[in-house]
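Note that the chains are named A, B and C in the order they appear, and that numbering of residues resets to 1 at the start of each chain.
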Amino acid sequence: MTLTIPALRARGAARRRPRRPLGLVLAAAFLSLVVLTAVLAPVLAPHSPEATDLLNSLAPPGTEGHWLGTDSTGRDVLSRLMHGARLSLLAPLGVVLLSGVLGTAVGLLAARAGGWVDAVLTRAMDIVFAFPSLLLAMLVVAVFGPGLAAPVCALAVAYTPFLGRVVRSMALQEGARPYMESYRVMGFGEWWVTLRHLLPNVAPVILAQGTLSFGYALVDLASLSYLGLGVRPPEADWGSMISQAQSAILQGQPWSGLIPGIAVLLTVVSVNVLGEHLSGSIARRQGETR
Amino acid sequence: MNVLDIAGLRLSVGDVPLLADVTVRVGRAETVGLVGESGSGKSLTSRAALGMFPRGARVTGHVTAAGVDVLAAGRGALRDLRRTRAAMVFQDPRASINPVRRVGDYLTEGLRASGVPAREAAARALDLLDQVGIRDPGRAVRRHPHEFSGGMLQRVVIAGALAAEPDLLLADEPTTALDVTTQAEVVALLKRLQRDRGTGMLFVTHDLDLAAAVCDRVYVMYAGRVVEEAPSAGLFRAPAHPYTRALLEASPSARGERAEIRAIRGRPRSLAEAPSGCSFRDRCPLADDACARKVPDIRPHGTSLVACLRPQEVTP
Amino acid sequence: MTEPEPVPEPVPGPVLEVASLVKRFGTFTAVDDVGFTLMPGASLGIVGESGSGKTTTARVLAGLEEPTSGTVTLAGETVTGRSRRDRLRRARLLQMIFQDPYGSFDPRQTIAESVAEPLRLHAPGSRKQHRARAAELLDQVGLSRRAGQSPPRDLSGGQRQRAAIARALAVRPRVLVLDEAVAALDVSIQAQILTLLEELRAGTGIAYVFVSHDLGVVRHITDEVLVMRHGRVVERGATEHVLRTPRHPYTRLLLDSIPSPDWDLDRVARDRVARDRRALDLADRQATPAPKGETTC
């Protein structure tokens, strides 16, 4: 009598050879392309992003000399897209880094200090969490005036609870493991143990969470720019490009707005695919060590 | 007729062999021990009795549990086997009970699924709790698992396992997570219920002393094989396999004369890591070249059946 | 060769003194008036079931919990402070081994790195010296160089417990507290670790506080034993003596509960009844202090 139990295919395959899903490869390739064009925009862009050509306004994609067409003042969409990528990527990166530092600090402090410190920080995070991030950013812009610095800081604060909560619960979980106690018995101080042993063990989670919030930040900042509260002209990011294309869209010429919109969409999706993959592989690795 | 009949069971996952030629029998009203260290395959063997195999497993041999040919049975027949004719008690009672449901629901669930009316199932639940020695069953059925201590909860699990009056009870380290005095109570309870009902029990444990105390017969497993089978009393007086003897000598005893413990060199192997021929030979003080040639056949020695070429050197 | 900073010369006298130790969590008293002394090179067992307070006692000794009252004196000096100096002093004199050999290591570090870790704090010297000392320690507990270079997940339970012992020995402590240190190991591996612990005690004169539920193991590794129940010491004495002629009914119940081929479950039930009756008597007499003696109820 012979019986064969079917294996879970995905797991079996993963054991033998780490197979990279196609989506992940595409996402990574697209992101590298975006980063590369952003860095090399001054060299690669066919036109100056500010050069207007009123005779040639609202040219559709495929026009000679303007592959992605021109906007309502005849500026080259491709060149503006490439230059705009710089701010569109840098600003969310700033949000992620800032909120990463803040969230990690708050989460670790809450978990390790405990008691009333934990209670106050957790409650504060709840309040910020409940506050719509865009509204916070708009209020800050209203107070400090437009420009990127204010909304970046505001969004960083608004995003802090996302990471802070995750870091806090991870730190509590990790902090209860015997190896943390054994370092305490060895005479190491609380903060030394936290920074040298706890933080590196929760770092992958911070990284994955940060990647995911990059996508949110990109969309939020584009929305602010669209509302005219982000970058100030003549500087441009993808959000302000969409904003400026509004009248053209109403005239039935959607290209100059659609193209930066697609750029936002693809970038956010790629970043999220990457983030999901990171969280997934962390979960698997922790499954192995526990 | 045996309530459990496992013969020539081989199990591998992918190209990793886990069990080789395992034969285990449990008669009606008999308690049989399955003893071994980690990697010995004792839990795999007991789970095989209910047709619970790891993913990707390739299984050959014969497994008949409570009259059901487990390897040939379809889903429905297996479900029926697990629900009514065989039951299992695991090491950690907290992991085997849904923590958000009341104890009463846990006990009546299986009965209701097999068609017992609600009122009758509730009455049976009270009766079962009373039988496993839980005071005030009427209140107990309304409580949640976290309101019970580990020992009390294991009693509840045992009550649940016995609810359907199975022919076969599989107990996988049922007292390992319990305190020693609680262990004694739970074992006493298991023995009493099993004797009263004529249930056959396969008692899986790492603790040779416990197996000897509880079981009529004991199988000792090492690296995915049964290396010795003997009546409990005989196993202690005269172990026939060097591994059994080494295990006995390695366990410190709290009673009787104080004897030095003797450690076994190396660490327990799984079947995949085991050397050719006798699996134990790389740790065995008696091993020589002959042991490497082939897996020793099972043969009688004293009261034991043993897979060793020279059991007379273990216990003359 | 790197040496940890010299510990004050061994004073003739106990290396560890615990006096009227009490630990409460809220209204629950986990440890109730526990006291004992430990001479250099001695081995003391603390046995009991879950909830007996044995693990809490161990954790107080190691500084993981602060006692509600009572004193812990190490080599003649009371260690109660939370200052860096007190912390280091306590760590250098007393180390602890935990039950779970799987969770006792930082999963990101190799075993050798983990063993070298306490040296960074307690022993001056270069990284290279620390590495050499770590290799020496691993060799002392019977671990290969290859095992040292592995991450903890690649080691077996027994190997990890050896590594935990190596790490605890790195600072050359005079007391080692072992909390159920062999409970999670296979019998054959447990015997190896017990043998190793015996050799280490004979070779280095280190003293053990061995916390365990397993009377067989305690009999093997300790000279003296405390039996704890509900936070209190109910019986104490030379291990062999206590196990052979238990005087407290609870000790007797513990002994009779250990399975053996001639296990008499009826006798266990009788012991249990006797113990419960004693507990009732105790409840009646609770106001009057227990008489001093070898056994207290």
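Of note:
The rule is short, and it goes like this: a contact is a pair of C-beta atoms (placed from the backbone, for glycine too) under 8 Å apart; a residue touches a chain by one contact, two chains touch by 3 or more.
Remember, it's a predicted structure, so these values are computed and weren't measured experimentally.
Comparing mean CA positions across the assembly, the chain most remote from subunit C is A.
Compared on C-beta pairs in contact, A-B and A-C come out with A-C as the pair having more. With centres set at the average Cα position, the gap from subunit B to subunit C is 32 Å.
Look at where the CA atoms of subunit A average out and do the same for subunit B: the two points lie 53 Å apart.
One inter-chain figure worth recording: subunit A and subunit C are separated by 49 Å, centre to centre, where each centre is the mean of the chain's CA atoms.
Interface residues of subunit A facing subunit B in the complex, by the touch rule stated above, are 1-8, 11-12.
Interface of subunit C with subunit B (complex): residues 49-50, 156-159, 186-192, 194-195, 213-220, 240, 243, 253-261, 263, 265, 268-269, 272. Of all residues in subunit B, those touching subunit C in their complex are 37-38, 150, 179-185, 187-188, 191, 206-210, 212-214, 232-233, 236, 246-247, 250-255, 258, 261-265, 267-268, 283.
Those residues of subunit A that touch subunit C in the complex are listed here as 177-179, 181-189, 197, 200-201, 288-289.
Subunit C makes touch with subunit A in their complex at residues 62-64, 84, 87-88, 90-92, 95-96, 98-100, 103-108, 117-118, 121-122, 153, 164, 167, 171.
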